[in-house]
Structures are given as structure tokens and as C-alpha cells.
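The letters A, B, C and D name the chains in turn, as written, and every chain counts its residues from 1.
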Amino acid sequence: MSILSLHNVSKSFGKTEIIRGVNLDIQAGERHAIIGPNGAGKSTLFHLISGKYQLSSGRITFRDQEIQNRPPYEIARLGLARSFQVTNIFPRLSVFENVRCGMLWQQGLGYSFRHLLGRQTELNARAIHLLEEINLADRADFPAGELAYAQQRALELGVAIASGADLIMLDEPVAGMSLSEAEAAVSLIRKITKGKTLVMVEHDMNIVFDIADRISVLVYGEIIASDSPQAVRANPKVQEAYLGEAALAAAGDNDA
Amino acid sequence: MLEVFVFSTLNGLVTGLLLFMLASGLTLIFSMMGVLNFAHASFYMLGAYFAYSISLKLGFWAGLLVAPILVGTFGALVERYALRRVHAHGHVAELVFTFGLAFLIEEAVQFFWGADTKNYQSPDLLDFPLFTLFGQEFSAYRGFMITISVGIFLALYYVLTRSRIGIIIQAAITHPHTVASLGHNVPLIFMAVFGVGTGLAGVAGVIAGPVLTTFPGMAVVLGSIVFVIVVIGGLGSLGGAFVASLMIGLLQSYAIASNLGMPDLLNWLGLEFSRDHPLNDLWTLTLPQIAPVLPFLLLVLVLIFRPTGLAGKREE
Amino acid sequence: MGKFAAWVGYLIVLLGLPQLFDSVLAITIFNQMAIAIVFALSYNMLLGQGGMLSFGHAVYFGLGGFMAVHALIMIEFETVYFSITLIPLVGGLIGLIAAVFVGSFSTHKAGTVFAMISLGIGELVAASSLIFVSFFGGEAGVSADRTFGPPFFGVEFFQDVEIYYLSAGWVFVSTVFMYLFTQTPAGRMANAVRDNPERAEFIGYSARRVRFISFCTSGFFAGVAGGLFALNYEFITEENLNAVTSGRVLLMAYIGGLGYFIGPIIGAVVLTLMNSLLSNYTELWMLYLGMMFVLTVLFLPRGFAGFIMMHQTAWLRGKLSSLFLPYLITGTPAIMFGGSILAAIEMLHHEGEPFGFLFLTLDSGNTLHWLALAAVGAASYFACRRSLGQLNVAWEEANRMDNPTEGGPG
Amino acid sequence: MKRLHRSITFRITLRSLLASLVLSFFGSISAQEPVRIAFIDPLSGTFASIGTSGLKQLQYAADELFNSKGGILGGRMIEIVPLDNKQSPTDTQIQFRRAVSEGLRIIFQGNSSAVANTLNSTISRHNRRNPGQEILQINYSAVDPILTNEQCSFWHFRFDAHAVMKLNVLTDYIAMNPEIKKIYIIGQDYSFGQVVSDTSIELLREKRPDIEIVGNEFHPIGQVKDFTPYVTKIVSSDADAVITGNFGADMVSLARSIIDSGLDIPIYTFYAAYDGITATLGADGVDKIYLVHNDAGNPLPSEERLAYTRNFKRLNPNNDMTQFRITNALQMLVQAMEASQSTDPYDIALALEDMRFTNMSGEELWMRGEDHQIIQPLHISVHTDQNIVVDADNSGFGLYRDFSVPGDETVVDHSCRMRRPRR
């Protein structure tokens, strides 16, 4: 059963068409990677799904609800969470507050000004638990902006999954990390996305082929293949368009 | 009626062009540094006071020459030693700093020059009517004001579009990081632009001082209007600022000239209210009465419906 | 438990002040402080907690105050019948209504757009207040008499000190509620939106709605402050909703320290004292206020509260006392330097006439005075410069991390 | 709360009891303690120069006329206590309470009708609530008619003619000039501006029905950058004269714009002299600015007056004696104290009521008891540099008296229904 579907999604900036009629189905529970050369529009695609950008045309459904062109917060409330390629946390809030804020909406607290956060024992325990999972428990009271880079990336993940969303979209979660940091991050991703649907954009092919159940290849705004890792690897079109140079790119440069 | 129209247009032009001299500097500064300089009109006031003091000793023309340079230098120093320091704490801190600076400059002006109005006079050379139309004189000094403003606009336009430094500035506006990586000294450019921007405000002060009276409140009167212009014109757009300046100048001038008001509207609608009506103040409102605050109304409307302003591309 | 003790202490200070100083003047100043505290705290909700820089916060204070005065008039003419102790609530509701209306379109964006809308609204309301005379009373404002309401447990509020206790109660309750607000989901998300509105949207919160809630709450408490103003002064004029008042509350919050809950309280107290006491010693107090503000923005970006909180680490380590001597060594010449600058300014101001400065009598006509002043100024400047090194060393020592990876709150 | 309240009341009573005991004790032995008078006006901020100038004049009057001659009431000095209100009603309240807490019972205040109005109602409330500790308001300059009409108070005395009285004289003067057929009225959009507009229309209609009001304009106070657009309207209206109640920068800018446009018509006004205005108008304003005021101006009417003014100028070279009514007010106040042998506001007020006084200029002054409004001769002076003995702003320009009206002809009716406290 597909949890997220894109139908003919297009996006233009001025006259430049960045995404050209993408069709994509994400199955519930799968780990789906989107790969593609620089400038293929992977991040743009993420922004379209998560509501940051408006579609030029097309339709996106999440759990059979149309979500295209709805504001990000509505989409997030439906259970679609995402992380960002460039660390995007709340720098002056403490690490603990960062993840707790990520949990508030799904906890049903909404915009309440009748509940005191200090009294939400269960919520606070869950936030601490999540911090333990992402190995930041000992940094709980630090302003997030003062963390080391890898820790900020971990927090970025933590904020994304805090809501307990079913669909988690990660935009280059290990970009800029050292090898050992990346390994730790990958196992963290595995651990915290257990039982959920994962969509990720990643440049590091080792990680992609390691984690993903299915891979879609985005080239110049079009999906040219969407299949199992083996099938994608074998696909001549993909090889031509992307994998040949991917070995070079795999060291982890950034998507523009 | 025609005479009122003609003179209103002329008056609007004079005000509009004067406003543009302030707005152009403010826009330049905003485009470069992303900060709205709340104290911009204070530099305008400093221009007038410096020129006044100089004119007492050396005459008006020396003031016109020296005062803007003094103001520009002061502006550059403020950028170098204060604003740059605050920059690290973000835009809100910068805005708050310039707000405090405006406050401080007003107090300092009162300290050095006193709180009363200054007898700053236009030069005798320009003390004749340029022409007389329908029995009203248009003074040569006002013609001079128009000339200077237009001259500055043209010079600015030329420098920004034709000269090398202009091209660097234009590039720095849109891609500051790229310009820095090309080896240009961006902090120096910032300082220079701030100096030039405030210097332009100084010129405006020098030439406006004799007509609009030189007193410690002159910055406040103009300050927020210039803000309004820059915002309405679209933050960072010089062309937008030009259009908005003229628009505000003409709008106010025409609003004052018109005798329209709520009574006319009610008349037209066939409504009538007694003088005892609780909203009597509203029913008797006239356009000239509210002319000076019209720009603020426009500001709020523009920001609600088109936050990027008339010609602006980017928000914030 | 520490927090509870702090609140009890706050309450004791509020109620105890008139016992310590009970002149009419002292009570007047305390009343001003009470109003300023609520107003500045409400402003901090916008700027400090919510990241919205407003140049027109006096609108909600003023409208609340005007309606409160009108409510007092209605009580006097028996149009309505309720205790005047509830007047601040009237102000608050009006502030809230005004904020709901303005916030519905102004909270779309923070930053410059919000600041400019607030400026525009502020100017428009200030202009309207002079045009709509029947409500605002023109430049003379409207005045009322607070003593016509039903007595409150026998108190008829003839004296300012009675109003002070009433205000103190409102201040305490308002402070508690504003503090509690920061502890609610809405309050915490206001911080999140201030830090990063984009991310807040991706965790389910509309940044606009979050801002709107902060904005309205802030408007409510500004209105409460306006109501307190009405009770204390029994009149209100257009100056209470114009740009000067808006600027003053910005100064209070900023000088006190934006990021900290107690910052605005400190700012309100300091500015009120300056406004009502300093102005009696020097005509130049506004100049000094401007200088203080600019210097604060430049050197203490987190305000007085931030300066105090800087010592938290040293305090926790028990090393605060080790800073005392170094502060004294650098501080004394620094104060002397500041003092000689002030003396020079005063001498310029009092051209040709001797005047008292602290315990001295200075005369700008006396060259000797100038020379002495210059000598003191230069000497203290160099002493201050030279001793900065030892202060730095002591500071580093007091704050040194035992564990290098452990960063402290800066 | 109830107990708290009771304890406060108790403490207050005890304290005041003690205080009065102490006071009466010391009062009997130190008869020489000064008579302290509060001066509440702007001493810092935008309007500081006007307030400071007033303070110097009051201080001068006290020193020159009384302190240097052995004081009043058998040797007590007058001490002026300056209190800065920044021309803000709120700060006025604060300073009022400071005055109260320092035991000051007499307050001089003049600048801004808004301040005077709020001070007036504050004092009424205070005096009602604190019998025995009443405060007296000596208003030396605020001209809002309401203060001696609808809002008149037993505790308020005005030593300047109010706006309607002044306009009465001004319109008389205008009416005498047959060449004036069309008048343009422009003013700041607030109460004084409105009074000027309404009253002059009404009075002119009475006195010269043939005069046409060709414009009646209001502009926001302190917001106008450039008055030229207004002047354009004035020109096109073909007006022969302008009436305005503007003051401060709004006055200067308006006059300058009118003059700059080459419009050669008289401007009839109130506050177009001193404090930098005379110097700024300079030669351009000669014979164009006519203002109504209560001071005789040039030529000074008596030798005594001339010496008094010159001496002030010698002591304060950068100030002018702009408000001679301050001296009038102080002299009358002292006379009332001497007559009642008291410094209690109630006694002073009774003695001031219907007091007649001949001032240094030789003019007859009468403090009308019904509304506490001074009745005095009023004058119209013109801005010029001819025959100026005492100039303004050290500019060589000054005011030359052109027309005078004796006090009894300036009287206008009042609607005051004074509530007199009973003792």
C-alpha cells in the first residue's frame, strides 16, 4: 500500500522547470532513497512534498489525502516529518527543548496556554528517552547552537522524528560528516526509523545501497528509474546518466 | 484650480526629490547591509546643523561643500566602530542600535546647538523669485533644490550602472559572499556605502535646513516618512525608492491642496449626521487634516498586501 | 523550591517597599515602576520571547488605558457598577481586542516587515488620537476619578499608597501569568519560532499563529499596564500611546536584557528611577539615557540581566568572590573616567556659571578645573586600560572549564 | 487586605500627627524658613528652552523684587524649586507628587494647556481628598479658555488672558483695517488651534460681516515637513491676511513658507516671538507678523520696567524677558500672602480673588474673583527692527506695540460655576 504518491508533479522557478512531471509511489514501511546528480532537483522535490514550495502542477497524496500546496505545518500534522540538508534547529533553545518542541503537536498540546510543560511528566520522559537514543542526553541543557556539528546533525534527526511521524524524510543526513560519524549516524537512522517509512536523499552510494529497499533516480527533474537497489544498479539508463560519475561524487559533495 | 494643481505638483516634486535624497542613501545601505538605518534622518539633521554652523563663519556654499563630507565621515565612523560590532548580534540588534543612535543624536544636537530653532538662511545669491505664476512666486532656492536632487539622482544612477565601483556595489547587494570571494574588501565597501549614504542625507539636510527650518525635531518629522518610502518602494530598490518618494511627495501635496473630506463623501452618499453624533470627528474629517499621516496608512496597506513593496524582490 | 522562594521574595519586595520608603514621592515612583514592569514584561513577550521588534507597543498600552479611564468615568456616572480593582482587566481586554485586530495582519512575518507595520500602526493610532477628540480628548486627554467605585473591603483608594498595593497585586499576578506563559506550549513555541520560524512550521506549528498568540497575550498585558496607569494617574493623554512611549518600553526591555525573564523588570526599575530622579539633578538626563542605551547595545547586548547572568558560571563554581578585587581595580578608574566625561559634559552645558557636581563645585570658566578634569580623565583612562588585563585573567580563571569539552552558557 | 489597609491608615494618621506636631514646633521658632514655590515646566527635552527661560524669569523676579529686599512676610525668602515635567502630562503628575511630598503648596506652571488641564484636575482631586493640605496652581501662561470656564477651580488662578480674550482683541484690530476682506485661518489640529478657528470666525462675523473666511485649515501638530503646499492654497484663495495659533517650529515654518512664496500679507498670531523665532524670521518678517500678547513690548512703558528688563538681560545675556506676566503673578501672589499674612493656599486664594494691582508697567490688573481670570490690558505688536529698545534673541529685531486695549475692554463672559471649599 502506498503511503505517499506524487502524480505528475512539476515545479518551475520563472522559466526554469526544475521538476518535470514526477510520478512516485512510496510504500508504507519501505526505506526509499532518492538519488541523482547535483542540481537534479532532489531537495526541491523534498520541499514540494513537505510544503515549503508550491507546486506548479500535479498532485501529491499522503495517506490518500491531497497535500499539495498545503502549508508545511498542516502536512507535518498529518504525520510527515522531515530533516534538512543544512542544519535547521532552534539554536537558542536547549537541546532538550528542541526535541520536546518537536513532540508538542502530536502530543495534542497544540497552541495551548493552559498546560504547563513542566507538568507533562510523560512527555518529558519521552523527550529524555529520545535524547538518549540520539546520544545527546548529556547535552540536554545546552543551547542547541553550541553543539558540535555532528551533534547538531543528530539533533536535526531527533527533531524530525520527535513527532513520531510515520513518514520521515531525511535530506542528506550524513552530509559533511567524517566516516566514523557517518557510520554512527547510519546506525542511528536505522534504529530510530524502525517500523516507519523512510524517504531519504543521499549522495553517499554506500549508505544508499546499504539502507534503501528501493531507490529512485532523479535526473534533470525527472524520475528515470524507481526500483530495487540491484535493478537500479543494473539499469543502463541510470548508469549512463548518473552512476558513472557517482563514484566521484560519492565522497559527499553537496546538492546545489 | 489650475494654479493650485501646478503649484501642488511643484511642491510635491520638491518634497519628493528631497525625500529621495534621503531614501536613496537609506536604500543603498539597506541593500548592502540588510539593515534599516533608523538614524538616517538624524544624519540629515546633522547635515543641516553642521552647515548652519559653517555658514555662520564661511557662508552657505562652504557649508554645502563641507557639511556632507563631515556627516559622511561621521557615518563611516559609526559603521566602522559601532554598527559592525552590533552586526554580530543580528538585525534586530542593528535596528535597535540605530534607533538608539537616532535618540542620542537628537539629544546631542540639543546639547550642542540648543533646543530652539536656528536662523539658518538660504544664500542671498538665490534670494529671488525664479518665476511668478498666478501671483505666486517660486523661489530660486527651490529651483536649486530640484536641480541638486536631480543631479544627485543622475550621478548616483551613473555611478551605479556605469562605473566599476558601481558594478561591484550592485554585485555586493545581491551576492555579498561571491563579491567577497572575488577578493573585494566587502567591509570596506560597506563602510564606504554607509559613509556615502549618510553623506547624501547630509546634503539633503544642508539644502533643506533653510526652507524646512533647522530645529531638533526635524529628524523625527522626516525620519519615519523616509522609512515608509523605502519600504513602499520595495526594500533595496533604488528605482522603487525614486517612484515612492515622488509618489509620497505628490500625494501629500495634493491631499493638502484638495478640500475633499468625509463631508463630501457623506454628501455624495446622501447621508447626514448631526454634530452630536458620537462619530462626529470622523464625519468631519478632511483630507488635508490627515495628509501628513497618509504615508503611514499607505505603508500598512502595502505591507499587508504586498510585503515586498512596489519594486522589491526580496522580503526581510 | 528555589523558584518558589524567588516568587515569595518578589511578593515580599513588592509589598514591603512602601514600608521602607513611604513618602508620597516614593509611592509615586513605586507606582510608576509597577506600571513599567508589566508593560516592559509584555514587550519582552514580543521581542525577547517572540522575536518581534515592535515600534508601536504603546498602542495597546494606550488604548487599554483610555478605555480604563472611560470605564472609571462610567463608574462615576453609574453607567456600570463594578469595583475599580478590576479596571486593569478592562484595559487588558481592550489591549487584547486591539492586538487581535492588528495581529491578524501584522504577524504574518517577523523581522523588518513586522517592525514597519508596528511603526505605521503606531503613527496612525497616535494621529487618530488627536483627531478623534470625543474618545481621546485631544491633547489634554481624558481624566476620571477613581474614588467613585464601590469600596473594596472598605478601601476607597483615596491615597496613592492604596493604589500601590492594588497595583502590586496586579503586578504580581501579571508577572506570574507571564512567567507561566513562557512555560506553556504556546510560550515555548514562541521561542522556537523566534529562533527558526521555518523549522517550527515543519514540526506542525504555524509560525504566524504562534506569533499571533504571543502578540495577543502581549497586547493583553500591555492593556493591563495601561489600566494600572489609568488607576494611578486618573487620566491618560495621547502621549501614552505615541512613539515616545513605544520607544521607552523598547529601551526598558533592551537595557534590562531581552533574553531573560527578569531583564525587563530590571530595565523598568532602572529607567523609572532615571526618569524620575536623575531628571532632578541634571537637565541632560535624556542625553545620558541615550548614551547609556547605545553603550548597552554595543557592549552589553544582553542587557543588565545578561551581565548578571554572565557570572552564573563563576557563581556555580564558587569563584565569584575571586572576581571582586579585580572588578574593584578596574571598576574604580572606569567609574572615575565615566565621571570625568560626565563632568566635562556638564561643564560644557553650564557655560559661564559654577554648578555642583557630586560634592564638587565646577566652573567652566576656570581653566584649572578643565586641566584637573583632563588629568583625572586621562589618568583613570590609562589605569583602566592597564588593569583590563588582570580582570581578563581573573575572569578566565573564574570561568575556566575543568572539563574542556563542557561549554558553559555564554 | 482589610487589616493591611487599617494599619496603613493608622500609620498615616500617626505620621501626619507627628509631622504636624514637629512642624508647629519648629514653625514657631524658625519664622525665617523660606516660602517655597514649585515651578513645574519643561527643563529638559524639546521644550526645555521655553521652560528654562520661564524659570529664570521667575527666579529673577523673586530675587530682584523680594529676596534682595529682605524677603516677604517679615523676612522670609522665596525659594523657587524647579521641577522638570518635560512638557508631559504624565511627568507633570510625578513632579506634582514630588512637590506634595516635599511640602510645596504653591505651583507655578505655564507651558501647554494639556499639562495645565491635567494639573488642574489633579489638584482638584488632591485638594478634595487631602483637606488641609491643598495646593494652589498659578497658571502663568496656559490659555485654554476651559480652565476659567467649564473646568474652573478655586485652586487655579490664571495670569494670562485666555485665547478667546486675546482673539477678541486681535479681531478688533483686524476689523479696524478696511483693506482686509478675505481671511485664511490655519492652525494645528488640537484644542487651541480649534478654539482660534471657531472663535475668530464667530467674532469676525460679528465685527466685520463683510470679511470672508476663505480658508479654515487644520494640520497635524508637529508633523508637517513643508508648509508650502498650504501656502499654495492660501495664495490661490486670494487671502488678505492669515490668522494662526501655531507655535514653535510649526509657526516658524509656516511664516517662512508664506514669506518665501512672496505673499505679502499680514499674519496675525500669538506665539511668533523669542526663543529663536524672532531671529529666524529676521528681516523677512518685518511688518508682517502681528501678535497679540499681554506685555507692552517696545517702547517699554516705564523707566522702572526698562531698568528691570535691562538688569535681567545683564544677568541672563542669552535669555529675554519673554513673559512679564510671571513677574505680575509673583507680585500679586506675594501681595496676597502679605495681605492674609499666610502661606496657606486657601488664605492666599481668598486674598487673590478680586485683587487689583498696578504692575511695573503702570497697568491695572484685576483678578476676577468669579473665575480666577486675570483682566489686564492687551496689546498687538508687530515684528520689526524700527524703534526697538529691547530686542529679542539678540537679533536687533523685536516687538513694537501698535495697538492697546485697556483691561476692562478685554473682558469676556465666563461660564464658571466655581465650587468653593468651605472651611
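In the analysis below, contacts are C-beta pairs under 8 Å (C-beta built on N, C-alpha and C of every residue); 3 or more make two chains touch, one makes a residue touch a chain.
Just so you know, these numbers come straight off a predicted model, no measurement behind them.
Chemist: Any chains in contact with both chain A and chain B?
Modeler: C
Chemist: Counting one step per pair of touching chains, how far is chain D from chain A at the shortest?
Modeler: The fewest touching-chain steps linking chain A to chain D number 2.
Chemist: Relative to chain D, which chain has the most distant C-alpha mean position?
Modeler: Following the centroid criterion, the farthest chain would be A.
Chemist: When the centre of a chain is set as the mean of its C-alpha atoms, what distance in Å lies between chain C and chain D?
Modeler: Each chain reduced to its C-alpha mean, chain C and chain D end up 35 Å apart.
Chemist: If you average the Cα atoms of chain B and of chain C to get two centres, how far apart are those centres in Å?
Modeler: 31
Chemist: With chain centres taken as the means of their Cα atoms, state the distance from chain A to chain C in Å.
Modeler: That pair's centroid distance is 43 Å.
Chemist: Could you list which residues of chain B touch at least two other chains?
Modeler: As it turns out, chain B has residues touching two or more other chains at 110, 289-290, 292-293.
Chemist: Would you mind listing the residues of chain C that make contact with two or more other chains?
Modeler: Correct list: 127, 131, 133, 284, 286.
Chemist: Name the residues of chain A that each touch 2 or more other chains.
Modeler: As it turns out, chain A has no residue touching two or more other chains.
Chemist: Which of the chains are touching one another, listed as pairs?
Modeler: A-C, B-C, B-D, C-D
Chemist: State the interface residues of chain C toward chain B in the complex, per the touch definition above.
Modeler: Touching chain B from chain C are residues 47, 51, 53, 55, 105-106, 108-109, 111-113, 115-117, 119-121, 123-124, 127, 131-134, 243, 247, 250-251, 254, 284, 286-287, 289-291, 293-294, 297-298, 301, 345, 348-349.
Chemist: Note which residues of chain D are touching chain B in the complex, please.
Modeler: Listed in rising order, the residues are 45-49, 189, 217-220, 222-226, 228-233, 235-236, 248-249, 252-253, 256-257, 260-263, 275-277, 279-280, 282, 395.
Chemist: For the complex, give me every residue of chain B touching chain C.
Modeler: Residues in contact with chain C: 36, 82, 85-86, 89, 91-93, 95-97, 99-101, 103-104, 106-108, 110-111, 224, 227-228, 231, 235, 278-282, 285, 289-290, 292-293, 296-297, 299-300, 303-304, 307, 315-316.
Chemist: In the complex of these two chains, what residues of chain B are touching chain D?
Modeler: Against chain D, chain B makes touches at 3-4, 7-8, 11-12, 14-15, 110, 114-119, 121, 129, 132, 134-137, 139, 141-142, 211-213, 215-218, 221-222, 225, 252-253, 256-257, 286, 288-293.
Chemist: Of all residues in chain A, which touch chain C in the complex?
Modeler: Touch residues, chain A against chain C: 50-52, 71-73, 76-77, 81-82, 84, 88-93, 97, 100-102, 104-106, 109-118, 142-143, 146, 159, 162-163.
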